[in-house]
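What follows is a set of structures for review.
The following pair of complexes shares a single chain, subunit A, combined with subunit B in the former and subunit C in the latter.
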Partner chain A sequence: MTDEIRKEEVLAVYPRVAEAMADALGCDVEQLVLDIPLIEGLDAESIDFLDIVFRLERAFKVKIPRGKIVEDARGDLSEADFEHDGYLTDVGLQRLREYLCEVPPDRFRAPMKVGDIPFLFTVETFCRLVVRALRAAPPA
Partner chain B sequence: MLTVDRFNAFSFVDRITAVEPGARVHGQFTVPAELGRFSPCLVAEAIGQLAGWGAMARSDFRSRPLAALAAEALMWCDAVPGETLSLGVEFDRWDEDAVVYAGWARGGTRLLLTLNGCVGALLPLDEFDDPEEVRAHFDRLCHGGVPGPRFCGIAVPEPVIVEREPRRDLRATFQVPQSAPFFADHFPRRPVFPATLLLEAEIVLAGALARDLLPPSSRLLRVADVKLRTFILPGQTVTIEARVRSATDDSVAVALVAHVAGRRAATARIDMGSGSGG
Partner chain C sequence: MWRDSGLAGKAVIVTGGSRGIGRAVVELFASERADVTFWFRHNRAAAEAVLAAAAASGWHVRAEQVDVCDPAACQAAVERVAERCGRIDVLVNNAGVIRDNLLGLLDDDDWRQVLDTNVGGVFNATRAVVPYMVTQRAGKIINLSSVAGEKGGRGQTNYAASKGAINAFTRALAVELAPRRITVNAVAPGVIETEMSREIRERAADEVRAHILLRRFGTPMEVAYTVVFLAATYGDYITGQVLHVDGGFKME
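This part shows the complex of A and B:
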């Protein structure tokens, strides 16, 4: 199975992702679009990400470990190769750019703090997270 | 003894009857007979505190959970002063910085309250409390418990309604006291206004809105989608906006947002109705 996520897979999960996000953020589904940044566009805070993940787990009956996005982006890189003193290394930033391919390239600015990665997250980031979790889930 | 006084102020577990580290914990709390009422919020607090004991013990008293999210609390019936509550918590999941659990409280054979989908953010215990004092109290709870009933009641800040559109929405404020006995227990090193007392105020306001829409026999059925974004500190002013989200002949759902210092501090939904429970 290819790791590439197709647009139709994203669109297939979007309605339920949007519903969970709207409930978590206290906004209307109509305010959401795939490419809106959650922090800068919708005032999301860290507690909202926790809430969103738990809602997605319930909605899709999947497990999404905390820190999954950063962990997956790092892949087989060692922690030292991925970040140094709280900042992404060049190779770490490149890995993140490849992993979060739905985020416009100009939003990845070096030096980038690991703690600032959530500023990149969009609605589509979570759709893709769900698609990956569904792929990884054992067949019913 | 200072220790005993401190745990009298806002502690709702008298005894821990069973612990399976990381999996489940059971306990008890005796509601003092002298109290006129023991609110569902304090029953929920008791379950949350039992989860806290289980989580602190699992971390060897390095971290403690603080309420962050609760998917729902179902209120089945009220606790009766004088009765001993049986409390239970099942831990669903542990992450590096959060624990997920469900819980229940019974009074005899009556199910009083169930909590589902609760998430506690795990924070360093020593920021809030003396880990050794907490560990010693845990040992007491596990080995026979502490003498009860001990809790003397709480003066809950009463919200004042400042704007009201009957059957639709209202806005209210209250002042968190600068000092109160419960801050000695919640928490000694970093006083935080208990989220369950905020909910208590929100339930009063949801009831005030629902009163115009429902029969007088209506009651609190459910608190859902609770999210606590920031600590509320002693002396802060809390503004609560309550809005009827949906209403039928026998139920009303009220959405609530609490603001502190110009930012959203907490959100919740409260269902009132004439149903038989939960």
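This part shows the complex of A and C:
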């Protein structure tokens, strides 16, 4: 697939992503290994995600629309096909698993609430978010 | 002992700063040596009068024509201040309009304009500054509400709804931003001697004064003192509050 993100692309942005995250979370850069889950591993809260996104936007001079991860994961699926009553459908969960391919498969457990998706996010999730944003609008 | 207000050099944005309470707020911040940018919608002459007065006093005041109903314009204007000052310390959401009429006579436009400006404008300006305040882990947001947000007033359904919304917005946002040490408060003036309240003050001065314990109207500067108090270090431990500056309106 042409839009597949290569590991070297992730590694290219990783140092600056980790730096922005360390500032937002008030932790050491060394703690921010690629696969650490932010909520369970680093006690991140929802406001921290916003803080991280704001910092990444400024560090990379890109725009990252809020709710981008869930929106991109849903792709061309209708909202009704993606979720029902706040829970991901089977198809929705499969889509999410494909989109967040950096997250170990055993962490996608049905039934999964849409509101619990951020529990899956790792440092690499944000690196990939930046890579996608850079591809969409490379800095001038 | 009174400490320094801590406002010298602070980057302050005041929406609706060319007249009335907004102008008093701009001038009081400027007199505390803050770096003030105020927004005005269309009254360029009034804005220039503020700038001239500020220049005569040697204050740092800038004016920008920004319609708070335009989210992109708010975003761009905030970015310009951040670019220049490197941060945004204080936002005072003062821009507001009034279109009083009995509900049965309010047209769609009267309703929409008041809600779009008084609530939508607060949302647009606040959303634009929050990223800066969240990342700098500090900030003060002060929303101008009104006595109308809590007390019923004939012909004010639209205005009252907008100010009631501001009070609720203030409390909710205070909860949201407290983890980043950003305080969010509202100041609710009563009847203040401004152009906006001229009609009611002229039409029913005695009747209105009878509802005010102090039996007089307030001045724009009396409201500005409270706004600046909240923005200064003095107000650091206050968040999620609606402070009434109304001379004891309808307390009897």
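In this text, the second predicted complex is superposed on the first by the 137 of 140 C-alpha atoms of A that agree within 3 Å, B and C clash if a C-alpha of one lies under 4 Å from a C-alpha of the other, contacts with A are read in each partner's own complex, and residues count from 1 in each chain.
By definition in this document, contacts are C-beta pairs under 8 Å (C-beta built on N, C-alpha and C of every residue); 3 or more make two chains touch, one makes a residue touch a chain.
This is a predicted model, so every value here is computed, not measured.
After alignment on the shared subunit A, the placement of subunit B and subunit C results in a clash. Contact with subunit B, but none with subunit C, is seen for A:Gly67 once the two complexes are overlaid on the shared chain.
Once the two complexes are overlaid on the shared chain, A:Phe54 sits against subunit B and subunit C alike.
When both complexes are overlaid on chain A, the residue A:Glu45 reaches subunit B and subunit C alike. Within the superposed three-chain model, A:Gly115 lies out of touch with both subunit B and subunit C [touch as defined at top]. Stretch 24-32 is the one among 24-32, 168-176, 204-212 or 240-248 where subunit B clashes with subunit C after the superposition on chain A.
Taken together, the two complexes place residues 23-24, 45, 47, 50-51, 54, 58 of subunit A in contact with subunit B and also with subunit C. Contact residues on subunit A toward subunit C in their complex (touch as defined above): 23-24, 45, 47, 50-51, 54-55, 57-58. Residues of subunit B that touch subunit A in their complex: 68-69, 71, 95-98, 100, 117, 119, 121, 225, 227-229, 255, 257, 267. For subunit A in complex with subunit B, the touching residues are 23-24, 26, 45, 47-48, 50-51, 54, 58, 65-67.
Here subunit C touches subunit A in the complex through residues 131-132, 134-135, 176-177, 179-180, going by the rule given at the top.
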